[in-house]
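Just dropping this structure here.
Chain nomenclature is as follows: A, B, C and D, assigned in order of appearance, with residue numbering initiated at 1 for each chain independently.
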Amino acid sequence: MEILGLYNYWVFAILLMIGFYAVIAKRNLIKKLIGLSLFQAAVFLLYITMGKVDGGTAPIFSDTGAAIFSNPLPQVLILTAIVVGISTTALGLGIVVRLKEEYGSIEEHEIQEIDER
Amino acid sequence: MTTLLDILSWVLLTLGGLSILIGGIGALRMPDLYTRMHAASVTDSMGAILVLVGIMLQAGWSLATIKLIAVLLFLLLTSPTSSYALASAALLAGTRPFEESVQDDDEGQE
Amino acid sequence: MYYVVTIATLVTMGLALIRAVLGPSVYDRVLAVNMIGTKTVLLLSVIAFLYGRPDFLDLALAYALINFIGVLAVLEFFRNRALRRSTERDKGGVNK
Amino acid sequence: MIVIFGIFLLTLLVITAIAIVRTDNLFVAVMLMGIASLLIAGNFFLLDAADVALTEAAVGAGISTVLFLSALALTSERERAKSSNKLLSLVVVAAAAMILIYATFDKPRFGDPGAPVQTHVAPWYLEKTPEYIDIPNVVTAVLGSFRGYDTLGEVFVVFTAGIGVLFLLGSGVPLGSLPQDKINEGLRHHLIPRVVGRVLIPFILLFGLYVQFHGEYGPGGGFQAGAIIAASIILFALLEGEQRALSVLSARVLLGLIAIGPLIYGAVGVAGILLGGNFLDYSVLSSNPVKGQQLGILLIEAGVGITVTGVLLSVFHAFAARGR
């Protein structure tokens, strides 16, 4: 049970690296953006995992009189980061759409070839 | 009275869990898209009704029950609609139903 | 008793995920997304009670309302694709 | 037991992520991203982050899928090229994963109440929120008041990203060649989804407003509400065609919303200075400091909600208009 206490962090590391793999190895720009979203999700997971307290509940006071609350600070940071994440992803998708219009391709190496000509 | 309600809600919850599980197995094991969709969508609604009503019995009369009724209502509206939309999109795109099932029907008629 | 439902829901999510990964057609995958969406609504409502915080049913409500949009977006995407293909075919006919 | 549930969900998440990277069909990858979003939201809820799960629900289930699909419709569905330097990348990634996993052995165990994160400012927030702000949702209190600067920054990032998308896609020659009349009708011929969707739209709007104004008492707030309200208008646009949606909320109005949101936020901050306090110090907004805090949070949440709605809808319309 003690070793399972690190499972969330391992999943964070693996997810982070899966996303990173998509960013560096894939040549399709949309696939890279999807990889970036996975990368983001991994970071979100890390923060929220760190905020969890054993036997705690969400940091919203209620009549039930729970005494232990999980850490609100990581939740605040990630809450805003999710919305910022979708906005920046939209910006990335906008750039990809413009690239497709200019170059007729969303594959990285094809765009580079056209540039070198 | 409370014990009766408890037993009733447990029965409903267990049946709901079973229904959900059957839907999952059906969606995995059935041979083609339409049979899979059939397995998934019917048990989806049934499972949702059983589970949510089971929880409602546990919650008693409170704000939670009203929210649960709302959840159930929206699920019953959207889930069959999505299934219908998906099936019609698949049919229009030219996905044909499983060959053998059609043949069975033909043989039955003869 | 909530545990039984939770476990059944989680296992079904796993089965649906296998269906989503295996495919074979895109419609199977959309079906799997749809299934997991409904299962998430049930999971969230059950866990809200498991935690003894029924005020968190808002989450289940949000999913029950918003999951539908994804399916409609997929439908619109298919419709657009069919339209695009048919106009391309028409143009090819004119050029010949 | 709940820990096991979390572990199961995380395992499913890893499988989904691997499947996302392996598939060469981008449409399938987007669908699997939808599944990943659902799984991760379930996990957030298990980890006590109700507010974050609500945000993920509002953004991940609807808007993210819609945006990715509209980008796919404008580019291509298939990934054509093979991966570059597959072996090298795998080695790099595996090595980095090993290092990260090795590093986790020094981390405090999951849920440890004595971990450094839990002993720094978090207890102070939990202890002082009833005294200074007196609202039940500590997350909203920290978001709106204690860390108001952070949130102001995030709002400006959202604002900038929205303006950026409008600059990129708002001009130039669109590449689509679809007949105008066909593209404008949306899903109007699909009768059943249309009727059900029309029933749902008012409820989604209502729920969005509830999340906006109930954010101080339960999970919710401006970010979630903005995404949910945007989702309801996007649903309308999908059902009735984009033109009808634009005639309800025109691009000009949306631009106004994008600008007004940060302005409200900034103005609340400046009002704090004018009334003799610090920037974003809401205590001076009312004769009673606690009431002032509550008023300030209400106002800035409204600003946040307006910005997020405006940006997400403008982005959606920018992508949709490109297809014509």
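The definition used in the following text is that a contact is a pair of C-beta atoms (placed from the backbone, for glycine too) under 8 Å apart; a residue touches a chain by one contact, two chains touch by 3 or more.
As the structure is a computational prediction, the values presented were derived from the model and not from experiment.
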Among all chains, whose Cα centre is located farthest from the one for chain D? B
Top-ranked pair of chains - ranking by C-beta pairs in contact: A-D
Compute the distance, rounded to whole Å, between the mean C-alpha positions of chain A and chain C. 20
Distance between chain centroids, defined by C-alpha means - chain A, chain B (Å): 32
Could you give the separation in Å between the centres of chain A and chain D, each centre being the mean of its C-alpha atoms? 12
Please work out the Cα centroid separation of chain B and chain D, and write it as a whole number of Å. 30
Give me the residues of chain D that touch two or more other chains. 50, 63, 72, 190, 193, 196, 200, 203, 218-219, 224
By residue number and range, which residues of chain A touch two or more other chains? 57-58, 60, 62
Any chance you could list the residues of chain C touching two or more other chains? 13-14, 30, 32, 53, 55-56, 58, 61, 65, 67-68, 72, 74-75, 79
Inter-chain touches occur between A-C, A-D, B-C, B-D, C-D
Within their complex, chain A touches chain C through residues 57-58, 60, 62, 64
Please give the residue numbers of chain B that touch chain C in the complex, ascending. 9-10, 13-14, 16-18, 20-21, 23-25, 27-28, 33, 36-37, 40, 44, 47-48, 51-52, 54-55, 58-59, 62-64, 67-68, 70-71, 74-75, 78-79, 81-83, 85-86, 89-90, 92-93, 95
Chain B-touching residues of chain D, taken from the complex the two chains share: 190, 192-193, 196, 199-200, 203
For the chain D and chain C complex, residues of the former touching the latter: 1-2, 5, 8-9, 12, 15-16, 19, 25, 27-28, 31-32, 34-35, 38-39, 41-42, 45-46, 50, 53-54, 57-58, 61-63, 65-66, 69-70, 72-73, 77, 176-179, 182-183, 186-187, 190, 193, 196-197, 200, 203-204, 207, 211, 214, 218-220, 224, 228, 231, 234-235, 238-239, 323
Chain B residues touching chain D in their complex are 74, 77-78, 81, 84-85, 88
